[in-house]
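Some structures are shown below for you to check.
In the two complexes below, chain A is the common chain; its partner is chain B in one and chain C in the other.
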Partner chain A sequence: MAIIPLRSGGWQGLREALADRMPIEKISFKTLIQKKEVPVHRAAWAYYLGGLVLFCFLIQLVTGVLLLFYYQPTVSDAHASVEYITKYVSGGALIRNLHTWAASAMIFFVLCHLLTTFAMKAFEKPREITWISGVLLLLITFSFGFTGYLLPWHQIAVNATKVGLQSIEEAGRYLPGQLSEMPGRVRELIQGEAAVGQATLSRFYAIHVVFLPLAVFGLIGLHLLTVQLHGMSQGVDKVTGKTERFFPFFVLKDFSLWGIVFLIAAVVALCLPFEAFFSYPLFAPYDALGSTPDGIKPEWYFFFIYYPLELLPFWVVMLGQMVVLGVLFAAPWIFKGTSRRTLTTIAAAAAAYLIIITLFGQHIYEFFKGDM
Partner chain B sequence: MFDAFFYVGLPYMALIALVVGTAYRAHKLRFTNSALTSQFLESRQLVWGTVAWHVGIIIVLAGHAVAILLPGLWRALTANYVFLVTVEVIGMAAAILALGGLSVLLVRRVISANLQSVTSVMDFVVLGLLLFQVLLGLGVAVAHRWGAVWSTQTVTPYLWSLVTLQPDLSYVTPMPPMMKFHLIAAWVIILLIPFTRLVHIFFFPVGYLMRVPQKVVWVTRRRFEQNVTVRQAEESRRYFLRTAFGLGGAGVLLSLGVFDKLVRFFSGPVMAADEETELLRKKLNRLEQAAKERHLELERLRSEYIHVANLAELSPTEGKYFIDYQMRAALAFRGADGMPLLISAKCTHLGCTVASTMDNQGRILCPCHISYFDVKTGQPNAGSPAKTPLPHIGWVLMDAAGTLMASQRPGGRVEGAVDATKLQEYRVYIAKQFGDLA
Partner chain C sequence: MRIGMWISRSVAAGWVAFALSSHAHPEFQIFVQQNSSRNVDCAMCHAHPDGPDGLKPGQIGSLSHEEIAQLQDARAAFDPGHVVDNPLLNAFGNSLVEQLGKRKLLELRQHPEQLPDAIGYTSDIDGDGIPDAEEYLAGTHPVDPQHGDPWRLFVINMRRNAFHIVMLVLATAAGLFGLNNLLRWFELRQRIEDEAEDDVPPVGDSGRA
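Here is the complex of A and B:
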């Protein structure tokens, strides 16, 4: 099966396929500003979700750069510098809280965006590039979360990172012979030394503040460019035919939504430290010689993989994860002929799983493991 | 008797009246569900009164609702001091706003002769009662601080005891008088809802939020004769300008706020002398700790033997943490034979550090995913997430002079002879020669 159906073979065909998907010549003031239309229908609210993710990313970018001015990525100073920011620097607590809250919001919106675009079949030809870049951006967003969590270098963060990295090594148990060493090597490569330490912090820091942002810039550019080239996907099986002008109507509504989200984020960041929801002393700095504190958990947005890891055999989870990733990447080809109705059902099931495991994961865990 | 009536009888009466009365009005008297408009007769004061009142009271009631419906979450949130202060300030500000609005509404009814013709006695009763109630609430908030916290332990359980049909007066009796009046007035107001204009709260016209704003205007001859299209254009231009000014103003305020925060963020903190010393001391401590770890690392690279503890220090039940040759945490116990028992503390599941206290079955617990390891064998309990045992670590015993007395390879037997009388002087070492763990 040809991945991209080519009209003719070889280079010629590839060029044609690419030209179909990247009709750069379409770009003009007229098509982008004067003529662009957005479909109006029942699910039209989903067109705002991608914009919200972008907005959260912009907040992250600004607050992140601000945090860089005071943060010090060394094992001895990291924790103290974060404390310095929240306690002494004027507006520092606000900016750090905004950074953590907007990070959560970004993950939330990114998941909503994923599910709705899937349900709306926004990956259909010729939007495969938009979809693939979107899946990559999703992975990057999660990597942001994972690397950023370590940076304050407190007990919970370091231990959660240890556990997270160790589960890579766990995969080695299921690989044959020489290969079984590989995951362990990969883990050491990521953490930079035998145990999570200064090398890990430096690497995560570099990944979090340089590598991932650069990757996002490139991919967001591609993602947005292809969206602009092909316009909004029709989104529903039966086209209503109703549309509204992108500029100024859609843009204005989009911006007012950004305004509302910013207001909420600012108010929440102002009066509610992110840690307010945790019952354990989050602020104890990491002590390499002490014991691991009770009940360490990753951030809420990793619950969907954390609780299955706790409850099911490792290989089941790993296999499931591979399958989901594969399906995500191959969605434009797997679901080529599927109706939006079916896609919506799949997306709703996925949403139900995510919501239930995130909200009630602890209850489910205690239900099954309560006797221990 | 008195209490039973006001805090149990009255509430149930009020709730029954509320449900029955509202349902009756919704069915039989459809068109009386909204509050009678008086905007035609007097609109200038109305806008200051009604907007302030409604914004204020909705915020206040939302606060009450959260504390009643989600007391657990609310308690967790208000445990945070900054959050507590913020919600109390917002609550009081909203109450003052509501009070101001309500006063305007009351004064307006009293001084305008036009309005009196559409005002019933009940309207005055409602206005007076609401004013009284908001004053009481504000009084409680000021006199008995941090209501956001204590209400979840007193008012919420009382209300839930009513809901579950097991009224519990023990929460109400010790309350201060002002709070009791606030409760009674609340029940009276709820009782009155179906009989007054207050019923409109259940028939909130959601559609109003979505529709294009409409304004009722008095049709005069002049307006009637004016060209309609010209007037529409005029209106829409005014609307556009107002919106533009509003947005522009908001933008300026926002950028001013952001700018102010940024400048101060960059200029850095001004710290008191004691704060500065405290911070420096902390940083120095951390540096020393990091240095200590480096020393440990260097020591492990260079030395053949590393001192763990004196044999006398070791306890059979409480392990002593030390760092093994691989820079991983490990625990030292004293075994049943009086010899050291050294075991890795790095959980074989996902690498957490195992806790040091032995339970009564001779096991130590990894708190991350609940695996119990038998110290003697290293084996995890059946069904635990960890599948492989914690490895034991070889040790060497030396006497005070540094002569090697006894040793044990990991998994091997104790070699050498010890002088039982001198056990207390012996020191426990780990040895590089034992290399990797068994």
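Here is the complex of A and C:
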């Protein structure tokens, strides 16, 4: 008999904890929109970053749907269809460039959003669900980048994907017993056949255009709902007491920022082809029997893990990655009593690492490998 | 039967290839790589990235009779001015033969740095605004309008798309102007509402007055 009250107490506790974090009784137009207030202080600019991520996702959605009209997800036609879009479809080069640049912008803003919300301690109770859904959205954003990279089926796309999939299998070497076979099976599941080929392209295509967008819709819905239910986090230690109404004031300022970002993205997409930054042999159609060109690398947003993988033992990087991922998910509990000052220092150190490894990763690699 | 046919065709194509002895000139590629620090391959001038030797499309072993005739015509173009359509070359490779002739081109193998001056800085096959000679020096693709020095492409495309950019800026400015005015209107309305709330005397005050 003593166990039952404990169980019901545990269940009750869980219900109460969930009710605190998802106060669904508060869902109404009045509380979600009309009554919501946004704090005004020196770090209030960070509140706009989440909106910018959402805006970039909307650009991706629209341009992605337009690209679907012409893209052919087969190894024989994928590259030719992308070339056709770029060269012959009216506005095709602009749409494709916009898709590519907005993908980079989305990842840039999502990382900024993560670091600023971490520094502002926006994961504090009762915002744990907002934080965890945000970390999941971050992982999905990277998955968008990884799966989308293969679709043009050019040399760099296929070879970089091979390297990425290979590193999944390599993780098996460090796992005990039957677990060591798991990464290989995951690789097979993703790859779909013995080597990167049609099955891989079909799977990446399905994941990129169906699974991930559906997952994003669900998670963004949850993320935004919890943000609206709890309101914006105070974000700073010294509260100014000043606030502004979310609707219409914050929303209209958000739209203005979206307009400016769209102008910049459109001008860059119109004038600066993304591929111009790379050597052209990397964008030739993938030839399984041909020579692999030099300079195969993942996209810039994977440099934070690519260069450590090139320089350090595989297990060190994998362990580090698992620890970082674990810390990200458990941040609301690990950093419960940490001051905003300390969190800001950690976020600044993480930002410095990301900037240095992204901009100077190649130099660091050459320095340590003695090629300079 | 099919395999036998395929083998005999491959052997025949190999013999044709040997007899025709395709001419790749890696001196140019080596110079461009050193000069530009960019990785380049045979696709700068040739139809196939791995060069003219082989059986793949754009390589000598894959040529039809008509294409072999075109190849022979192109090889006879020792002097400049001959319009050639060598199936082993791309538009840039063919334009080099047309502008310089095979004789001069073979001489330039010893001095690949002189090629840009020899062809001049007027030809721009891909129409991206960067002359072929500059693309050669920069190691960018002379027949791909999406490929070139990023900063130069940006500046050139800014000029080319000036009208579109001006329209984009105007549209954004108009949108921002509208949003800003809407924001001010909301602020004004809120201030009026706040002032009206302040002016309303508390309940019960009227009796005392």
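The definition used in the following text is that the second predicted complex is superposed on the first by the 357 of 372 C-alpha atoms of A that agree within 3 Å, B and C clash if a C-alpha of one lies under 4 Å from a C-alpha of the other, contacts with A are read in each partner's own complex, and residues count from 1 in each chain.
What we mean here is this: contacts are C-beta pairs under 8 Å (C-beta built on N, C-alpha and C of every residue); 3 or more make two chains touch, one makes a residue touch a chain.
Please read all numbers here as calculations on a predicted model, not as lab measurements.
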Query: Sharing chain A, do chain B and chain C clash or fit in the superposition?
result: clash
Query: Touching A:24 in the superposition: chain B (first), chain C (second), both, neither?
result: neither
- prompt: In the superposed arrangement, does A:249 touch chain B (first), chain C (second), both or neither?
  reply: second
- request: Considering only touches as defined above, state whether A:84 meets chain B (first), chain C (second), both or neither.
  value: first
Message: Contacts for A:195 in the overlay, against chain B (first) and chain C (second): which applies, first, second, both or neither?
response: first
Field: Dominant contact partner of chain A by residue count, chain C or chain B
entry: B
- prompt: First (chain B), second (chain C), both or neither: which does A:271 touch?
  reply: both
- prompt: A:284 contacts which: chain B (first), chain C (second), both, neither?
  reply: second
Clash-bearing segment of chain C relative to chain B, given 4-12, 76-84 or 148-156: 148-156
- request: Indicate the residue numbers of chain A shared between its chain B interface and its chain C interface, in ascending order.
  value: 270-273, 276-277, 279, 287, 290-291, 293-295
- line: Per the touch rule, the chain C residues reaching chain A in their complex are 38-41, 43, 49-50, 56, 139-141, 144-150, 153-154, 157-158, 161, 164-165, 168-169, 172, 175-176, 179-180, 182-183, 186-187, 190
Query: Where on chain A does chain C make contact in their complex?
result: 86-87, 93, 245, 248-249, 252-253, 255-256, 259-260, 262-263, 266-267, 270-273, 275-277, 279-284, 287, 290-291, 293-295
Query: In their shared complex, at which residues does chain B touch chain A?
result: 76-77, 79-80, 82-83, 86-87, 261-262, 264-269, 271, 275, 279, 282-283, 286-287, 289-290, 293, 321, 323, 326-329, 345, 349-356, 366-370, 383-385
Task: Using the touch definition up top, name the residues of chain A that touch chain B in the complex.
output: 66, 69, 74-77, 79-80, 84, 88-92, 94-95, 159, 162-163, 166-167, 170, 194-195, 270-273, 276-277, 279, 285, 287-296, 310, 369, 372
